[in-house]
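One chain, chain A, links the two complexes that follow: it is found with chain B in the first and with chain C in the second.
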Partner chain A sequence: MLLKCNKTIPERAKHFVVKGSCTPTPGGGCPVASNVQTTPGDMTERGCTYAGCRGVVGGPVKDVIQLTHGPIGCSFYSWGYRPHLADSDFHIKYSFTTDLEESNIVFGGEQKLLQSIIEAAEEFPEAKGVFVYNTCAPALIGDDGKDIAKIAQEKIGKPVVFFRCEGFAGVSQSLGHHVGNETIFKELVGSVEPEGDFSRSINIVGDYNIKHDIRTFEPLFEALGVRIITRFTGNVSVDEIKIMHKAALNVIHCARSATYIADMMKDKYGTPYIHVTLWGIKHMSDALRATAQFFGLEDRAEQVIEAQVAKIMPQINHYRSRLAGKKVFIYQGGPRAWHWPQLLRELGMDVIAAATTFGHEEDYDKIYENVGDGTLIFDNPNALEIEEVLTTYQPDLFISGNKERYIAYKMGTPFVNGHTYDTGPYAGFSGMVNFARDIDRAINAPVWKLVQKKARPVPGWNGNRNETSMAEAF
Partner chain B sequence: MTVTTTPKATVTRQERVVAINPTRTCAPIGAMLATYGVHGALTINHGSQGCATYPRHQITRHTREPCEVATTSLSENAAVYGGKENLLIALKNVYERFHPTMITVCTTCLSETIGDDIPAIIGEFQENFPEISIPIVDVNTPSYVGTHITGFDNFLEVLAKSLVRRGRKPNNKINIVPGWVNPGDIRELKAMMHEMEVAAIFLTDYSETLDGGFYSEKPHFPKGGTTLEEIEDSSNSMALFALQKHVGGKAASIYDRRYGVPSHVLPMPIGLENTDQFLSKVTEVTGKEVPESIEMDRARLLDAMVDAHMYVTDMKVALFGDPDILEGLVRFTAELGLRPRYVVTATDSKQWADDMMKLAEELDLDTEFMMKTDLHELHKRVKAEPVDFLIGHSKGKFIATDENIPLIRVGFPIEDRFGYHRKAIVGYRGAMYLVEEIVNAFLSQKTVVSNTIMDMRDLEGCTLTNGSGNGHGHEKMSEMVKEA
Partner chain C sequence: MIVGCDPKADSTRLLLGGQRQRTVLDKLREVKPEEVSLDMVMATGFGNIRCVESGGPEPGVGCAGRGVITSIQTLESLGAYNGVNGQKVEYVFYDVLGDVVCGGFAMPIREGYAEEIYIVASGEYMALYAANNISKGIKKFATRGYARLGGIICNSRMVENERELVEEFARRINTQMIHFVPRSKDVQRAEINKQTVVEHNPTSDQATEYRQLAKKIQENDMFTVPTPITQDELEDLMRDYGIID
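Take a look at the complex of A and B:
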C-alpha cells in the first residue's frame, strides 16, 4: 500500500499493510517489511544502536557510572531524559563521557578512555562499576575499548563493562537492545553465587520501570508468594544482575528488547521463561496466572486478581463510558503496539492504525493478531506518513512518543505519550486506571472544543508559500 | 589549572579529563536550529540516525514544537564505503517529498571521520537534477571540534558566504544576528526595532518557526523564518549587529569584508548597560532615536533595580552556559549588585577569557571564570563555597536540588519547565524579567536567608543545616529580610 506522501519513494509500500486485505504469511500475519535499513532522508523517527543500548537497556542500572565513549553529543542527549526511575537517582543525575576531541580522533581515544574510567571511579567511589558505551567515532577509528575496559577493571577493582553499541551498527535502536543483553549476560550474570533458597524467585525481564511501573506489579507477584530478584533493567543494581541466574523463572515483559537474555539464560542455566504483558486488566491477570501456574500457586493468583480487579473496575467503567467507540492510532517503539490494543478494547476503544519504530517480523505478526480487520499496520513511520495517517484516518487519539506529540497537537489530535507516559505509571492494575484517566484527559479536554470552534487560519496565509511553489514545480 | 589571574578574578580550565555532566552538546544541533530560522528550510544530518533524532528530540523538549531533521541513516556499509549514496538519496527524497526552500547538509562525527566530500556530492546531485534550483549548503559540524554553538556559528559563516547576493542597492535595513537565543528573545529584539522604526533582517529568525501558533489548518512549513530573499538582500543593509561573539562573529567579518556592510560585534544586550550600548549603536547607524516607549521601559527597569537592591546586593551567584549569554549576564548581575562567583562555560576561548578578565577588572569582581568546565566541577565548587543563586539551563537542576539553591532558568536547554523558550532576557524588558525572577526566587524560599552574606551561627535558635544555609527554623529572620 502506498501513501500519497510516498509517491516518490515507492519502496515504502512494502512497509504498509491493511489487515483483511493481504495475503497472510506462514506466521499468520500480513507481510510487513521490517528491521531493514531506513530510506535516507525520509524523516524517520528512528534512533541509533547506542540509544537502544545506553538509553534503554544499560541506562536504568542505578549504581554504575554511565560512561559514553565518544564525542560530547551522544552522552549529552542520552542524559536524564528517560524516566527509568529507581529508588536512587545516581544513574539519572550523572552522565559521563570521554568527550573525544579532534586529536583523539586522529591519534586514538584509548588512553583517554582509560583515564576517564579511572577518574570517574575516583570521583564516585560509591559506584559499583562502570558501563562504557561505544559510539560511532571511536568505533570507526578502531579504538579497542574492550581491551581498555579489561585493563581499567583491574585498576579500579570493579566491573567495567564495554558495550559495542556504536550507532551505525544497526538499522535502529533494536540492535542496541541485543548488544545490551548479550554484553550484560556475558560480563555480569552468574559472576556471583549467592547462598539461599531461590526456588520461588523470578526475574522480570524487559521492564524499564518507566515512571515506577514496577511498583504497580511487584506487590502482586509478592502476594502470590513469588519474589522478584532482578528487574532487567529497572530499579536494579549491578549486584542484582550478577545473581539473576538464580531465578527459577524469567518473566519476560518486553519481548523485543529482552528475550535475548532469557534465551541465553535458558541455554546456559536452563532457566525457563514465559512471555507476559504487564499492562492492562486481562494481560496482567494472565501474567499472574501464568507465573502462579509455574509455581503451583493458582489459588492465590485468583484471589489476588479478584481483589485487585474489583478495586479498579468502578473507575475503569467510568472511563469506559466516556471513551467507548473512540478510534486510536498507536505508534510505539515495538511491542506496545501489540500489547496495548487489548487495553484499549478494555476501555471500549479500537485501534485503527498501528506502527512501530523498530519491530521485527514477530512484532508485526503479533499486531496482526491483536487488531481488527481494516487496521492499517506499518513499519518505521516518518513525519509525513504520520501526518497523512492522522489526516486520512482521523483517529480520536494518537499514542506515540514526545517527538511526535507536537505534530499531533498542531493537527488538533488528542495525544498520549506511550513511551514515557504523561502521568503514569501505566502498568499493572492500578496503572490501568492512570492510563484510562490520561486518555480521558487527552480526548475530553475542553481545549479541543475551543480549537474546533475558535482556531483561525494563519494570518495573511493564502496557501503556504512553499506549497504554492510546489504546485508550480509539479 | 589557573590560566590568568588579576588580584581577585581568575580564569581556570578544568583538569579532569572525563566530562561529568557537561554544559555543552555537539555541533549539528546548532546548524539545525539556525536552519529552522530560514522559512521553509530543512536540514539533512549526514550521519547515523541517532545524531539527527537526538537533537530533534532536544529541540522539541525545549520548545514543545515539532522539529523535523532528516538523516542519511548511515550504517556499517557506509562506514566502509562512504556515505555518498545515502546522501544523494536523502537529498532527492527530502526535495521531492517536502519541497523545502533550501537544504542544509550538516555533518557528524561519523561522516567527518569517514571523510565524505560533501561539496562534491552536492555538486553531483545538482548536476543530476539541474531542475532543482534551491540552494543546498553544507556545514561542517564535526562534534569533536567546539560545541553546539560552533555548529550555529559555522552555519552563519556558510550563510554569509553562499546565500547572500552581492549588491549595491541600499535597503535601509540593518542585519541583526541574534545568535543562540530563544524565540522570545528574537521577538523582543523585533519589538524593539519596531518601536524604533528600524527595519531589520534577522539572521536567522526562528521566533515563529519554533514557537508557532495553533492554526485551523496546519501549514506545510511553520509560518515565519527569514526568507531567502531577505538573506540575499542582507548585503544591501546599512550595518550588521552580531549580538554574540561566538555565534555570528565570523559571519560579521565576512559581511564587513566581502559586502562592505559595517559590522558591529557587541556584547549580548542583557541588562541596562549592554542594552544601552546596543540601542545607542542602532541610533548611531540609523539615525533613529530611542522612542519614549523604550525610554519608559528603561526607567522602569532602573526603578525595579532600585526596589530590588536590598534583597540581592552582595549575594553570590554561579552562572553557567554559553559564553556570550554569560558575558551579558556577568555585567547584568553585577549591575544588579550580585557577585558572580563562578562562571562556567564549556567553550575554550581565549577571546572569552580576555573579555571576562577585562570585565572583572572594570566591575571589580572576584569571579572564577571556568572555561572548558563541566557542571560536576561547578557542583564541587558550590559545595565548598556556597552561592545564593544559580543561573543557567535545566541541566543545573541537579546542583540546585542537592544544594537547595534556587536555579534561575536561562539558556538552552530548559526541559523541566514550561514556556521558557518564550521568555526574553534581552533588552530592558528582558532585564526586568530577570530582576523579577531573581528577587522572587529569593522571596519564595522557605527560609529567606542568604547562603553567604549573613552569618547566622551566633544567633540564638538558628542552626545552619548542611553547612550551606537555607535550613529551617529561620522564620523570624526571614520575615525581617522580607520586610526590608
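Take a look at the complex of A and C:
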C-alpha cells in the first residue's frame, strides 16, 4: 500500500499493509517489510546500535559508571531522555565520556579510555563497575576497547564491561539491544555463585522500569510467593545481574529487546522462560497465572488477581464510560504496538493503525493477531507518513513518543506519550488506572473544542477591535 | 587457512590457480551480513588450503582498516576457525601488509587472533625500516598479551652482505632471522603459470627452501618482545654492511 506522501519513494509501499486485504504469511501475519535498511528519502526516526545498547539495555543499571567512548555528542544525546528510574539516581544523574577529539582519532583513543575509566572510578568509589559503550569513531580506527577494559578491570578491581555497540553496526537500535544482552550475559551473568534457596525465584527480563513500572507488579509476584532476583534491566544493580542465572524462571516482558538473554540462559543454564505482557487487566492476570502455574501456586494467583481487579474496576469502569468507541493509532518502538490493543479494548477502544520503529517479523505477526480487520499496520514511519495517517484515519487518540507529540497536536489529535509516559507508571493493575486517566485527560481535554474553529476570520468579530473580547469570540 | 588482509586481495591468488578470490567485503557489499555464508567467501586451493581474502574499498575511498576488522569478525561469527566439514584448521595465516597504517590493519595481531608474528623483509633500507616500524607496534602492545615476534624472514633481493645485515638487524631488535629465502627465477616461472613454487616445481631448490622455512616456523620456540632501534642506528647499520664494491 502506497501513501500519497510516498509517491517519490515507492519502496515504502512494502512496509504498509491493511489487515484483511493482505495475503497472510506462513507465520500467520501480514508480510510487512521490517528490520531492513532504511530507504533513502524516508526520514526515519530510528536510532543507532549505540542508542539501543546504551539507552535501553545498559543505561538502567543503577550503580555503574555509564561511560561512552567517543566524541562528546554521543554521550550528551544519549543522556537523560529515558526515565528508567531506580531507587537511586547515580545512573540518571551522571553521564561519562572519553570526549574523543581529533588528536585521539589520529593517534588512537585507547590511552584516553584507560585514563577515563581509572579517573571515573577514583572520583566515584561508590560505583560498582564501569560500562563502556563503543561509538563509531573508535570502532573505525580500531581501538581495542575490550582489551583496555580488561586492563582497567585489573587496575580498579571492579568489573569493566565493554560493549561493541558502534552506531553504524545495524539497521536500527535493535542490534544494540542484542549486543547489550550478549555482552552482559558473557561478561557478568554467572560470575558469582551465591548461597541460598532460589527455587521460587524469577527474573523479570525486558522491563526497563520506565517511571517505576516495576513498583506496580513486583508486589503482585511477591504476593504469589515468588521472589524477583534480577530485573533485566530496571532498578537493577550490577551485583544482581551477576547472580541472574540462579533464577528458576525468566519472565520476559519486552520480547524484542531481551529474549536474547533468556535464550542464552536457557542454553547454558537450562533456565526456562515465558513471554508475558505486564500491561492491562487480562494480560497482567495471564502473566501472574502463567508464573503461578510454573511454581504450582495457582490458587494464590486467583486470590491476588481477584483482589487487585476488584480494587481498580470502579475506576476502569468510570474511564471506559468516557472512552468507549474511540479509535486509536499506536506507534511504538517495538512490542508495545502489540501489547496494548488488548488493554485498549478493556477501555472500550479500538486500534485502527499500528506501527513500530524497529520491530521484526515476529512483532508484526503479533500485531496482526491483536488487531481487527481494516487496521493499518506499518513499519519505520516518518513524520510525513504519520501526518497522512492522522489525516486520513482521523484517530481519536495517538499513542507514541515525545518526538511525535507535536505532530499530533499540530494535526489536532489527542496524544499520550507511550514511550516514557505522561504520568505513569502504566504497567500492572494500578498502572492501568494511570494510563486510563492520561488517555481520558488527552481525549476529553476542553482544548479540542476550540481547535475545531478557524482562527481567521475570528468568529463573531464585527470588525471593531474595541468591542470584541476573546470570551465572546468563542 | 590463509586470510589475506591486504585490500589488494592478492594473498591467495596463486594458491587458487590465479583465480581472483571473492572477498569477504565484496560479499558484504552485495548481501546482508546475516545472509553471508562461509562457502561464499572461502575457497579451497592447493594443498587443501582454505583461502579467504578480506578485500577492501578501491584505493582512495572508504576505510580499509575497518574493512579488516569487519571481515575478521565476520569470519569468526561464521565459524571459519572451527574448521569445515569436520576438518580442523591446523594453522591460520594472516597476510598483513607491511605498513600497518592504522588500528584496523593491526587487528590480526591483536584481540588474540594471531599467536606468532613473522616479518618478511630484505636487506634494503626501506624493507628494514618497515620491519623496525612493525616492531615498534608489537612492542607497544607487549604488555597486553598479544602476539609475540617469532623472527624475520629474509626474502632476498640479492643485496650485498644481505644475510649478515638482516641477521645483525634481527639480533639488534631482539629476534632472529628465521630463514634466508634466496632469490630464484623459479618464483617468476611459477607465478607466470599461476601457481605457487611448491605446486609448480616441487623438486626445485626453491621449493626446498620454502619447506625448510615451514619446518623452522613449526619448530620455532623463540618468541620475543622486540627492541626496535632508532633511525640513526638503522642508518649506521646500513652503512656498516651496505658497502657496494
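Definition applied: the second predicted complex is superposed on the first by the 452 of 474 C-alpha atoms of A that agree within 3 Å, B and C clash if a C-alpha of one lies under 4 Å from a C-alpha of the other, contacts with A are read in each partner's own complex, and residues count from 1 in each chain.
Keep in mind that, in the parts below, a residue touches a chain if its C-beta (ideal position, glycine included) is under 8 Å from a C-beta of that chain, and two chains touch if they have at least 3 such contacts.
This is a predicted model, so every value here is computed, not measured.
Student: Give one word, clash or fit, describing how chain B and chain C relate on chain A after superposing.
Tutor: fit
Student: Name the contact category of A:Gly108: first (chain B only), second (chain C only), both, or neither.
Tutor: Touch status of A:Gly108: second partner only.
Student: Per the overlay, which chain contacts more chain A residues, chain B or chain C?
Tutor: Greater contact footprint in residues on chain A: B.
Student: By the touch definition at the top of the document, which applies to A:Ile407: first (chain B), second (chain C), both, or neither?
Tutor: first
Student: Determine, under the contact definition given at the top, whether A:Gly47 touches first (chain B), second (chain C), both, or neither.
Tutor: The answer is first: A:Gly47 touches chain B but not chain C.
Student: Of the two partner chains, chain B (first) and chain C (second), which one does A:Ala383 touch, if any: first, second, both, or neither?
Tutor: In the superposition, A:Ala383 touches chain B alone.
Student: Contacts for A:Leu67 in the overlay, against chain B (first) and chain C (second): which applies, first, second, both or neither?
Tutor: first
Student: Name the contact category of A:Ile151: first (chain B only), second (chain C only), both, or neither.
Tutor: A:Ile151 sits against chain C, while chain B stays out of touch.
Student: Given the touch rule stated above, what does A:Ile141 touch, chain B (first), chain C (second), both, or neither?
Tutor: A:Ile141 contacts both chain B and chain C.
Student: Look at the superposition and give the distance in whole angstrom between the closest pair of CA atoms, one from chain B and one from chain C.
Tutor: Chain B and chain C, overlaid via chain A, are at closest 5 Å apart by C-alpha.
Student: Please report the chain A residues shared by its interface with chain B and its interface with chain C.
Tutor: In chain A, positions 139-141 sit in both the chain B and chain C interfaces.
Student: In their complex, what parts of chain B are in touch with chain A?
Tutor: Chain B reaches chain A through residues 16-22, 24-29, 39-40, 44, 47-51, 53-58, 60-61, 64-76, 78-79, 86-87, 89-94, 96-101, 108-110, 113-114, 142-145, 147-148, 212-221, 223, 346, 376, 395, 398, 415.
Student: Which bits of chain A are touching chain C when the two form their complex?
Tutor: These residues of chain A touch chain C: 108, 139-144, 146-147, 151.
Student: Residues of chain A touching chain B in their complex?
Tutor: The touching residues are 5-6, 8-9, 37-51, 67, 70-81, 93-102, 104-105, 112, 115-117, 119-120, 123, 135-137, 139-141, 167-172, 383-384, 387, 402-403, 405-407, 409-412, 451, 455-458, 461, 464-467, 469-470, 473.
Student: Quick check on the complex: what are the chain C residues that touch chain A?
Tutor: Listed in rising order, the residues of chain C that touch chain A are 63, 65-66, 69, 102-107, 110-111, 144-145.
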